[in-house]
Amino acid sequence: MPKDMTQTPAIFERRESEARSYCRSMPSTFATARGSELFDDSGNRWIDFLAGCSSLNYGHNDPDMKAALIDHIAADGIAHGLDFHTTAKADFLEAFESYILSPRGMDHRVMFTGPTGANAVEAAMKIARKVTGRTNIIAFTNGFHGVTAGALAATGNGYHRGGAGMALNGVTRMPFDGYFGDAADSADFLKAMLSDKSGGVDAPAAILLETVQGEGGLNVASPAWVQRIAKLARDHGALLIIDDIQAGCGRCGTFFSFEEMGVTPDIVTMAKSVSGFGLPMAMVLVRPDHDVFGPAEHNGTFRGNTHAFVTARVAIEKFWADGTFQAELGRKAELIRAGLTELADMVPGARLKGRGLMQGVDVGSGELAGAICSRAFENGLVIETSGNEDQVVKVLAPLTTPKATFAKGFDILLAAARDVLAAPTKIAAE
Amino acid sequence: MPKDMTQTPAIFERRESEARSYCRSMPSTFATARGSELFDDSGNRWIDFLAGCSSLNYGHNDPDMKAALIDHIAADGIAHGLDFHTTAKADFLEAFESYILSPRGMDHRVMFTGPTGANAVEAAMKIARKVTGRTNIIAFTNGFHGVTAGALAATGNGYHRGGAGMALNGVTRMPFDGYFGDAADSADFLKAMLSDKSGGVDAPAAILLETVQGEGGLNVASPAWVQRIAKLARDHGALLIIDDIQAGCGRCGTFFSFEEMGVTPDIVTMAKSVSGFGLPMAMVLVRPDHDVFGPAEHNGTFRGNTHAFVTARVAIEKFWADGTFQAELGRKAELIRAGLTELADMVPGARLKGRGLMQGVDVGSGELAGAICSRAFENGLVIETSGNEDQVVKVLAPLTTPKATFAKGFDILLAAARDVLAAPTKIAAE
Amino acid sequence: MPKDMTQTPAIFERRESEARSYCRSMPSTFATARGSELFDDSGNRWIDFLAGCSSLNYGHNDPDMKAALIDHIAADGIAHGLDFHTTAKADFLEAFESYILSPRGMDHRVMFTGPTGANAVEAAMKIARKVTGRTNIIAFTNGFHGVTAGALAATGNGYHRGGAGMALNGVTRMPFDGYFGDAADSADFLKAMLSDKSGGVDAPAAILLETVQGEGGLNVASPAWVQRIAKLARDHGALLIIDDIQAGCGRCGTFFSFEEMGVTPDIVTMAKSVSGFGLPMAMVLVRPDHDVFGPAEHNGTFRGNTHAFVTARVAIEKFWADGTFQAELGRKAELIRAGLTELADMVPGARLKGRGLMQGVDVGSGELAGAICSRAFENGLVIETSGNEDQVVKVLAPLTTPKATFAKGFDILLAAARDVLAAPTKIAAE
Amino acid sequence: MPKDMTQTPAIFERRESEARSYCRSMPSTFATARGSELFDDSGNRWIDFLAGCSSLNYGHNDPDMKAALIDHIAADGIAHGLDFHTTAKADFLEAFESYILSPRGMDHRVMFTGPTGANAVEAAMKIARKVTGRTNIIAFTNGFHGVTAGALAATGNGYHRGGAGMALNGVTRMPFDGYFGDAADSADFLKAMLSDKSGGVDAPAAILLETVQGEGGLNVASPAWVQRIAKLARDHGALLIIDDIQAGCGRCGTFFSFEEMGVTPDIVTMAKSVSGFGLPMAMVLVRPDHDVFGPAEHNGTFRGNTHAFVTARVAIEKFWADGTFQAELGRKAELIRAGLTELADMVPGARLKGRGLMQGVDVGSGELAGAICSRAFENGLVIETSGNEDQVVKVLAPLTTPKATFAKGFDILLAAARDVLAAPTKIAAE
């Protein structure tokens, strides 16, 4: 990559915390973005296969959302509305009801939490505990639900857990679908533990899962497994919480990741792409029976990010009012699979992971995956790894990415892999 | 208030969670806002003495921030940048260093956390625990720090704590300044407890406090008390965390609430008005020695809300580049004190609370305070209560509120109080 | 059983807590006991196949211990010695070193804890946490380690856990050997979880296990499994704690239950039969490197029960100075197996459980097991159930029980089973 | 002290854990004891002003208890009876009801817990949590309640708390009576905290206190304060637990330490001297309404130490059947006060502490107190320190100590103080 692309402005070294991260492996200073492309302050261009970790499912600066947002601001539309009724919120809720909830037969209420996924997860966990009067929540290996203390207890990642500096309580860890390979069904294990009066697992308030574990390495739960988990939750008086923060908003090919699985979660957490524009917004969908919080019992100053309501409404109306967009997603998923199959074929032992537009390749080591992504970045592609060893090269492109851009992106990715595989010693040297 | 002002759109009843709150006592549907005024969708106007709970210290839709934000969006500026370097972030950091940190001799690093105050508090608590290898954090009666599990442990409010549905650990509660009235200094008590080898209070990782407790009822910590607490923290190997989320950004008459107190906190949490425009943004200021998080050890998708960086930069440059704005704040604080003294004089036993532009009157009961605010809302003033019994009528107007608007607002407030006090039976009837 | 055998003295109804339990299913008032026999206050006799839950491995009132204890008391020997050096303690330690530790190549130190098994477990868990600086302790399904808060966290039994009235933290539950049947090895699962950086199981301070789960239903860990667990502990920097409270002191055919397994636990907890006479005594054996408690850091008034030291010394010298006693245990174990096989053959689907002199039969339901034990009690045999459904009829006779007494006891047991199986409706009626 | 008195048998160095403690400052090897005197294996004699930390209130080897116990053992009386009904238990309960509970109008039930004070405290805390459905228990500065995880959370001592190796939850610490000196009443503070809706102290399950803090330094709660605490407990729906483990059984001049205070605790914990002979025994007294444990919900193998029942019955019948013994206690308390006043007069700034036969002198430093006790031991007196700095020389002689022995003991103590005070540099040198 050109020298000037990597020159980090001194202000970041001087004043930004060491906690910063993406900017370390991709040290450009970005300025603008359109669709699936990012530009730095020198006009260098990158194709974006990261999409704000699935927060930009509709691409950067979608023109319709952009226009609506500028209109709103220009007209002195409310920017910050606490949890007042606002016209922007009403319009979003109307659209969300009409095009998302009602067509799917979902009677859920919408709770606007503080605008982070972790906050939505915290609220969901609290609801489940309040509803059931129980403390224990079942979460899964390689699950990622955020890093605030309540959500972090449910997160599997040891590095993040270590950041707590204290014991994280209230969660029991269980093996995700496929954890035993073919040897056994992990749902059998959970069933045995919950049914065993001396199993030592306290009766759960909820079972919390992602249908595809984005940070955990694109591990996919099968519909049959999710159905079994849903039944176990029901049988044991627990709520089923599906964390659709990364896998939802079309990422898996349908609006919700679970909608073709034959289950109705008691609670759904959403964030990331729900605003459509990358603006902070999060929400909890909760069935009316479980909508037990009193006024402001879970609160937060930014729970009404009105700008996000404006763009979120446009996103729903533009992409989900009919089936056109969803139909495209299926085709794009195939395209991604084809590209990744090529990559997988290059690496002995590599495995395809994920589903929909949330796919990747487990290349066997974090070192290799990192080297590929790093090389790709030098050549104009933003792409990241995931998994417990960072061993999965993960494609999280905007859902709106044109075929041609996908093709270009995969060209860069495959070339990067070729380069890296041709010079394996370089990896070790790094 | 006119009928149409209170007609809640059915969509909220149908689909918004029962957790909604401000919209219950102030059930209008707001559409636009400018400066210190809010307008509903029928054009009715309210003076805003709440300012998004101190998130709108520079008023609604400040024209300079608005222009900069529209320009940014129109030019396809980054909306969502994870924690990439962006030009918007660099510009904000430069401004924040030049006009805030450097002039105050602060060497703190800036950590952008998930964009909620609670998230900043969670990060601060984690840092303190990681730095010290200890778990226990001292927090105070009537402190409010957010409702996610880690922060909620530090929050005193029993209603919010009850929402956790589980035990909240890792925090020891101590009496805030003035808790014993004149009988004793609560810092003496904390000192005794920490020094007593059998006091049963584990060595603290941090002492966490607000210098003015906004939600807790505008309780003010004296500089002498804060200094004693800072010394206790130092003597016992603990970090001093000042939560300046509500009291900072000029609210107390200086940028930081503590800057005339002679203490340098190890960590400062900021949110609410830091974006200047009401957009979600939060940050932790941490001294370089304590900047111990590894890359992404505390992370979050929206930790780089680029729109907020744009407006936050303008806010700093416009209001804090020289001393003009701060000088005005002193005059406005006096004006508020005068208005509130009138109110206090009307209610037997009432007490003035708070300092700077964060003042109120303890009218002795939540019922009376609520009735006054409710009546004020009917007459065009948005104002709220705070305190452990909701007994404090609290003025949190934008810092930019013109004198004339203050005057009008106080007219409404005092008239409301007169009405309510003239018809006390009405309160009971409600 | 004769009327007078079941007449509970009114004082128990009037003044003893509802927490009393064995006296409910076996409501006689016992007065004296010798060897393997118990007598009530009317002279009725029972054979004892419970042995104080393995606290009376050498039978009731062993004549040599009895004589030594009477001599000690008559000579005004110390009864209560805090943790002073006493001649009685020195003599016990000499015997324990000479006949138990040294011959087995064990360099462990002896810590006398409060005289309950739970207290020993609490001390062991604390040691492991202090040694490693970690909190998490791995315990297993159906493990039983006591009911004080620390130990109870490690106990699997849901009824006992429920008694805590609070969340029990610091323990991760894992499946015991055989939990997956033949489908998989539970040690593989533990290994996978501990090795997975996002497995969500925090690095353990210790792995805590019983080699035979007495209360849990006589589940037996194989030597190979225990070795794998020991290796996992070592590989992950955790201590191996073997809780030999019920399975130790000869119960499994050797002094320690694990001594033929090829592992050296870092910590061993002992209680129950360690005094030999049924007197309260407990201890923790800990390798010198891990003997990290400071003076009295874990203390307790009764940690020097001197009467127990007197009888414990006699027990060691009488039964473990040479191999005679141990050789007999092997023969008795076969005798028990033969008796239980007869029982198992009577019940379709029944399974033999346990090993050594700690065996039983899983009869498939707690109702049936309870009915058999109840009927046996009526006919002069004290015997109890165990297991997560109380489905295991468990023989825990004194190790010193003569062959003839075993024969009589099994006659009663088998007759009881025949009676109950012949009248199945009676079970339901109870 | 003679050389041979201090020669520790090598077996202790070799095999006893470093956790041993009393034997370090008093390194003799004790063999026998009678009344208020201890003898080592060489026949050296010590007067005992420690009495097993109040476990030997009736002295060593009381002849009547001794005779009864020998008779019981000789007749093959039950030694270990789980929680079966036994004649020994019935006889104890009858005596305890007749001479202790009924005369004091107490309707409490007796729960025999594992035979340690900590176990009784754990049971009491669990009962309170089960009764109220709450978790939080209020305990006090300098309280000592044992070192198992549940009880340790309530214990103030930092050294013991540190031994946990983990966070101790479920307890809120409050200042004991007198903690503010004359500045304020700590009951006012507790009342304020509990009544403050944002006080951050969760509604308590129980308030747990000692009326005299034995380990904490002989701090005395006044009857008025205890009454206020009892009322606070009642007003806030919490149970009052009085931990009478050290202060009960006559130590304060009446059987229970609280019986002249005008309060009826919901729960009383007892251990130490309840067996009368120093044998391990503990119990929880609980009002019938709160006797909520199910059968064995809190259990423990040694919960029926039958030998202890035998001696405990004799203790009750011999000392508490009429008022003679109690009358003597008053006279002895005065005698102790006189002796300690002499000691206090020798040390500038010294303060008398405690009440009844549980008195001492705060000599201002742990170094000085330790030196005095150490010198006293050399001259034939066993005596210990207590307090958060070990600064209190504490007299806990058997209640049965004859006047002459008291006189001799005080002679040694005062001489020791004189020696030490005459040679202050020696202290520093140690």
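Should a chain be cited, it is by its letter among A, B, C and D, assigned in written order, with residues numbered from 1 in that chain.
We take it that a contact is a pair of C-beta atoms (placed from the backbone, for glycine too) under 8 Å apart; a residue touches a chain by one contact, two chains touch by 3 or more.
These are the chains along with the protein names UniProt gives them: A, B, C, D = Diaminobutyrate--2-oxoglutarate transaminase.
Here the structure is a predicted model, which is why all the values come from computation and not from measurement.
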- Equivalent interface to B-D, taken from A-C, A-D or A-B so that over half of the residue contact pairs match: A-C
- Message: With contacts counted as defined, which of the two, B-C or A-C, has more C-beta pairs across the interface?
- Response: A-C
- Message: By mean C-alpha position, what chain is farthest away from chain B?
- Response: C
- Using mean C-alpha positions as chain centres, tell me how far chain C is from chain D in Å, no decimals. 30
- Item | Intercentroid distance (Cα basis), chain C paired with chain B, Å | 58
- Intercentroid distance (Cα basis), chain C paired with chain A, Å: 49
- Hey, what residues on chain D touch two or more of the other chains? 135, 159, 166-167, 169-170
- Please give the residue numbers of chain C that touch chain B in the complex, ascending. 166-167
- Note on the structure: Listed in rising order, the residues of chain A that touch chain C in the complex are 135-136, 139-144, 155-159, 161, 167-173, 175, 179-180, 183-184, 189, 192-193, 196-203, 215-217, 387-389
- Over in the complex, which chain C residues touch chain D? Could you list them? 8-9, 11-12, 14-24, 26-34, 38, 41, 50, 52-53, 55-56, 60-61, 66, 69-70, 73-87, 89-90, 93-94, 96-97, 101, 109-112, 114-119, 122, 125-126, 128-130, 133, 135, 146-151, 153, 159-160, 162-167, 169-170, 205, 271-272, 277-280, 284, 286, 291-302, 305, 307
